[in-house]
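Listed after this line are the structures, all set down as structure tokens.
Each of the next two complexes has subunit A plus one other chain: subunit B in the first, subunit C in the second.
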Partner chain A sequence: MNQTTFRPVSLVLLAPAAILLLSLLALPIVYAIYLGFTNLQLIGPHAVNYWFTGLENVRQLLSDDVFTSSLWQTVVFVVGSGAFGATVLGLALALLMQKASGVVGKAVSGLAILAWNLPPITIAVIWYAATTSGGTFPRILGDTNHDLLYTYPMLVVSIANVWSLAGLSMIMFSAALRSIPTEMVEAAILENASATQRLFRLTLPMLKPTILMSALLMTLLTFANFTLVYLMTGGGPDNQTNILPIYSYLQGFKFHRLGYSALLGNVIVLLSSALGLAFVLIARQYRPGQVRKNKLKAMSA
Partner chain B sequence: MELSAQKMAGDSAPPVARVKRRAEPVSGRLLANVILLLIGAYFMIPVLWLVVGAVDKHAGWQIQLPTLTLDNFVDALSHGNAQALWNSVIVSTIAAIVSTGAGTLAAYSFSRHRIPWKGPILLGILFLSGVPVTILIVPVYKMFARYDMLSMVPTAVLLGVTSLPFAIYLIKNTIDAIPQDLEEAACMEQAGTFRILRSIIVPLAMPGIASAAIFSFVNAWGNFLIPIVLIADQSSQPAPIAIYSFIGSATIRYGQIAAFSIIYSMPVIALYFVMSRYFKGGFSLSGAVRG
Partner chain C sequence: MRCFVRSKKLAAVASAMFASSSLLCNFAHADTVLKLAYGSEYVMVTPEITTKFWGDIKTDFEKSHPGVTVQLVPIPGGFDDIVTKVSMSYGNSGAAPDVAQLPAQEMAQWAASGYLLPLNPYVAKAAWWKDVPDAVKQEGTTGKDVIGISQGVNTSGLLYDRQIFQKAGLPADWKPKNWQDIFEAARKIKKSDPNVWPLWAITGPAGGTSALVEGAANLLMASSDPAIRDASGKWAVDTKGIREVLNFYHQASVEGLLAPSSLILNANSPALATPEFPKHHIGIGLVGNYVPAAWSKSMCAPCWPEAQKFVGFAPLPTVTGSGVGYASAFGGWDLSIYKKSAHPDLAWQLVSLIVGKKYLVAGANGTGFVPPQTAYWTDKEYTELAPPYQEQFGKLLAVAKSVPADPEYPLWAHALEAATEALVLKPNMSVDDAVRMMKKELSNQLGDDKLMAAR
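Moving on to the complex of A and B:
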């Protein structure tokens, strides 16, 4: 069945996907690049009659203080809570589950997987409830009326984001840990290697590909996590959690500047393209077969 | 899963090693248990509010001893909220059909046919699956507004397309694993491509196709930004927007928010369990594209 020549039936099979992907994914991305250099508005004089304004939007972007701080917040949020936070917690969970007794491990991993499966809106609602004035965490910390979400907005949304992603990271690491050959662990034990030595000399080096995969995947997922932050803070207070996707949305649909909003979207595309490229390169470099097998195995055991 | 890992490390170790290790794991295990329980509390506390608040007559943002009632669930489904849930079902189902339908055809072709530039095209598709959906809203809003398509069905199709790249990958991997003998036999019998697809490929690739369908469904189910921007009609809005307006309303009914959130989250959790039980895999990336 593996044909040596191209057959017309392939075109028929590929057509629906090609038409959909081109018209609703690729074309909009290209269209957005163009709109980013126009003065398009949602309502107002330039809603219908808009035109190409060259680098005018870019000039505004470079002198926009909110953009600069937004970019910085995005990096802090994406790297801090995504690449670092979720990966570290996922790794810690997987490692601890090997040591701890079965029941505890099962219960906690079940909770982490539940958290990862909840829809973003639900996560936003429960974390809002848990951290706002009168919520559970302020109570535990002793000052019931302290609005943690208002005082430490970035920290709170980051912790909520870690909460929602660590389960996936844990699944990836659990699968990877299982694929470490038992003989190597036994050999290390026979050599009287301490637990710390085994962790740093054997386990972590073996997990390196998974650590990289997890960090990148968590980065991409955090980048896409508009809903959580938008529902919890709306970008505030005082623009403190105004990450790029939110700033782009607010510029377009609150301040009606669709052109500028599209330009901010272009910045997001540039950033995520760089990330996506890194993702593809690393996925290809590190035994793609094994990574895929891990993903498939992740749920089976 | 953690049990099996433990067994591997413990049981297969030779007795000599086990004696040597004995001093260490007891305290180590206790410490591991304590830390895990602390992390467990971090995962538990926010969910606890959801469960307690949903059955509490006087629910607030704090966890308190509930005055038990089921009114919250009843009230949560009134005022057009049941309609919003139904809209979510429609939108997510259309999205799942679009992405698995187009995805299966394309995946079969990618798996079995000779296509020029196959490698680069597949890489391009993989790349598209990583692009955040947030950037699509301005251009797609502009396109939909021009052709008067700011309504439920086009939005559902768009949501399906955002899951399509991943669906193609998932299904292609499954088809790649199917031996080609059956198809060759069918080919001898003069079966056409679509006959082969329907009678051989689709049944055998069902786990992958079902995974892709559930992935797309869950993805569309959870999306908030795309429907709120692209669906103009208030009564066609899906459940996430209903929750959003719950929070924004003048008198916040905490119990109803919690109850509705539970009802809204149930299908996703249920689908995950179906998935992990019966299809054993391919689903671990289900959160891959959230918007």
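Moving on to the complex of A and C:
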């Protein structure tokens, strides 16, 4: 805020927004944090008469093996399929589309964007049907009765997530690729740089900010992708896809322990906040124009 | 009812009109609304049957109680959705239903929350209460309080496909004496036709507690030690009965006898055998009574008029054929009254209408329930829906046992379902590992002091 233009009346004008933020965002968050330290149940003896139980839920969380494995599965799912999988597939598609003929390029782009636009229930049904007995993939692999989803649950839900997010990632990379100056590519070709050298020495370094942005955005979107995993596996089989949002839901609505579920929710909020903060910091550090200037400076030097 | 008489003059007018008191009272009754909540998609076989069944109840009750409006509150979604939505309604007294259709195995939890009205004074005066089997009464009782009146229950037994049996050289009137007989038949089916699923036995936590009552709980009731909880309230983990159940799934999994995991471990597994039998995909199925009922002409979900020709019934034998020789678990849906209902007597009258003969049998036939009153097990209106299955499954209720009405039951159920699921998915896993897995989950959730010692 600029001190010279600050007027007390601006506080009044800001008040409605502040009140809304406080009542609709801050208070519910504080209340949810409080619930994480209570024995509240959805149904049962503590559904009405519940109370603050101090660190009891935290003690249980620290000794809960399912939470530990859930945390690990969340990392695998979020980093593997979100940060890495969706970004790499989006980048690959964008690079290939550069070389593809107009019609093919547009058709593939259109399909990838369509996949990104599909609602999670449709994506879940498509991948469930394709990977369980009698589905497309078991037939291709020659064993119609093989339930791939139940044999490799984390792999299959990760692929479904990558498939659904790659379209968005591809759009980001396609835009970034178009912004690479053609004179630099032409100069590299004149210097007899091979396609691989051009990719690793020129294109990818120029795309670094977009790669980071895409990785973080995909991570955040994957973190929030409760619906896809829950509809495909419900966290199973054998807790193998029990990512934190699902474990929190199961504790709250299957085991009716809303207090413990709220604590798991608090952990999710902490992790999401850390990722969001990283997203904002990296976005500030790599403003596209600034990076390009820095790169050009470094190259000319 | 509140009739306000503010002045003598008005009283005179009122008494003149009250030659016709009913008119005045009906007018005053116009404010009386009874909320009736029920599962609109999960419980009955088709949405059309559901709409007609509850619509008829509303019409009948409003006709016999002028001025009272029954507000229907249909709850869409599956088993867990119904539990969640009813729980949230009970949390808000303005939205709470006066009468609700609730899954019996979860009812103790609402009672523990103080949401349900004890019905003891009402049932004491109900003539039909003596016809309800003790096990069914127990299912709707927590402590000494009767908290639910059964609308119907599901029992489970074995259905087998005679066409598949003939190909495997098995008899058309198969009568397994113990679990070994079941495995031997399943092996012959596998050998004769590798494309059919020899054994259908659902499990897995995705299907919620209802998948347990339609699956592994039946095996536990047929085991050497069917205890789920002992007298001191401790939960069974390492008992002979649980080991026998785990071994059933282990052996079936190792020998590749089970139907695909995506079906028997599915969130909707209790409903999935119904369309597979007519396709002759299942050799032997441990299924609920609603499966053959769904093939009947009136339900047609799917229609299979020649089912009787192809599908035989056998009760689930006990593990070694001991005792009465067969067993079944049962679970059903009850009607409960909200503790803070403004009209508990009217609510009871509504419950009484729903569990009267007309709607009890219609509800059983529209849902695939066994009626919970002994008088109706042989009633033609019930038996002729899907002969001979209705009567065969109905008779199982005489020996069937319910699961405990306890707030901790869903945790125990989840642990057993998760352990059996692991055995289905990992044939290399041992029964000891599965017991350890179950014990670990229950120790985590309930604490060691809540678990029974190994026996």
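Worth pointing out:
In this section, the second predicted complex is superposed on the first by the 263 of 301 C-alpha atoms of A that agree within 3 Å, B and C clash if a C-alpha of one lies under 4 Å from a C-alpha of the other, contacts with A are read in each partner's own complex, and residues count from 1 in each chain.
Just so it is clear, a contact is a pair of C-beta atoms (placed from the backbone, for glycine too) under 8 Å apart; a residue touches a chain by one contact, two chains touch by 3 or more.
All figures in this text were calculated on a predicted structure; none of them were measured in a lab.
In the superposition on chain A, contact of A:I43 is made with subunit C only, not with subunit B.
Touch criterion met: A:F253 reaches subunit B and subunit C at once.
When the two structures are aligned on the shared chain, A:V75 is found in touch with neither subunit B nor subunit C.
When the shared chain is aligned, subunit B comes close enough to touch A:S10, but subunit C does not.
Residue contacts after overlaying the shared chain place A:A274 against neither subunit B nor subunit C. Judged by the number of subunit A residues each one touches, B leads among subunit B and subunit C. In the superposition on chain A, A:V66 makes contact with subunit C only, while subunit B stays out of contact range. Contact with neither subunit B nor subunit C is seen for A:M184 once the two complexes are overlaid on the shared chain. Of the two partner chains placed around the shared chain by superposition, subunit C is the only one that A:G236 touches, whereas subunit B remains out of contact. Once the two complexes are laid over each other on the shared chain, residue contacts for A:P119 go to subunit B alone; subunit C is not touched. Common to the subunit B and subunit C interfaces on subunit A are residues 128, 132-133, 253.
Those residues of subunit C whose C-beta lies close enough to touch subunit A in the complex are 80, 83-84, 87, 90-91, 106, 109-110, 112-115, 204-206, 208, 260-263, 265, 267, 407, 410-411, 414, 418, 421-422, 425-426, 440-441, 444-445. Contact residues of subunit A toward subunit B in the complex are 1-7, 9-10, 13-14, 16-18, 20-21, 24-29, 31-32, 35, 40, 89, 92-93, 96-102, 104-109, 111-122, 125-130, 132-137, 139-140, 144, 163, 165, 168, 171-172, 174-175, 177-178, 182, 185-186, 189-190, 192, 195, 217, 220-221, 223-227, 230-231, 245, 248-249, 252-253, 258, 261-262, 265-266, 268-269, 272-273, 275-277, 279-280, 292, 295-301.
Contact residues of subunit B toward subunit A in the complex are 1-6, 8-9, 12-14, 16-17, 20-21, 24-25, 28-29, 31-33, 35-37, 39-40, 42-50, 53, 60-63, 98, 101-103, 105-106, 108-110, 112-116, 123, 125-128, 130-143, 157-158, 160-162, 164-165, 168, 173, 180, 183-184, 187, 193, 218, 221-225, 229, 239-240, 243-244, 247, 254, 257-258, 261, 264-265, 268-269, 272, 275-276, 279-291. The residues of subunit A lying in touch with subunit C in their complex are 41-45, 47-48, 60, 63-66, 128, 132-133, 145, 147, 149-151, 233-234, 236-239, 253-256.
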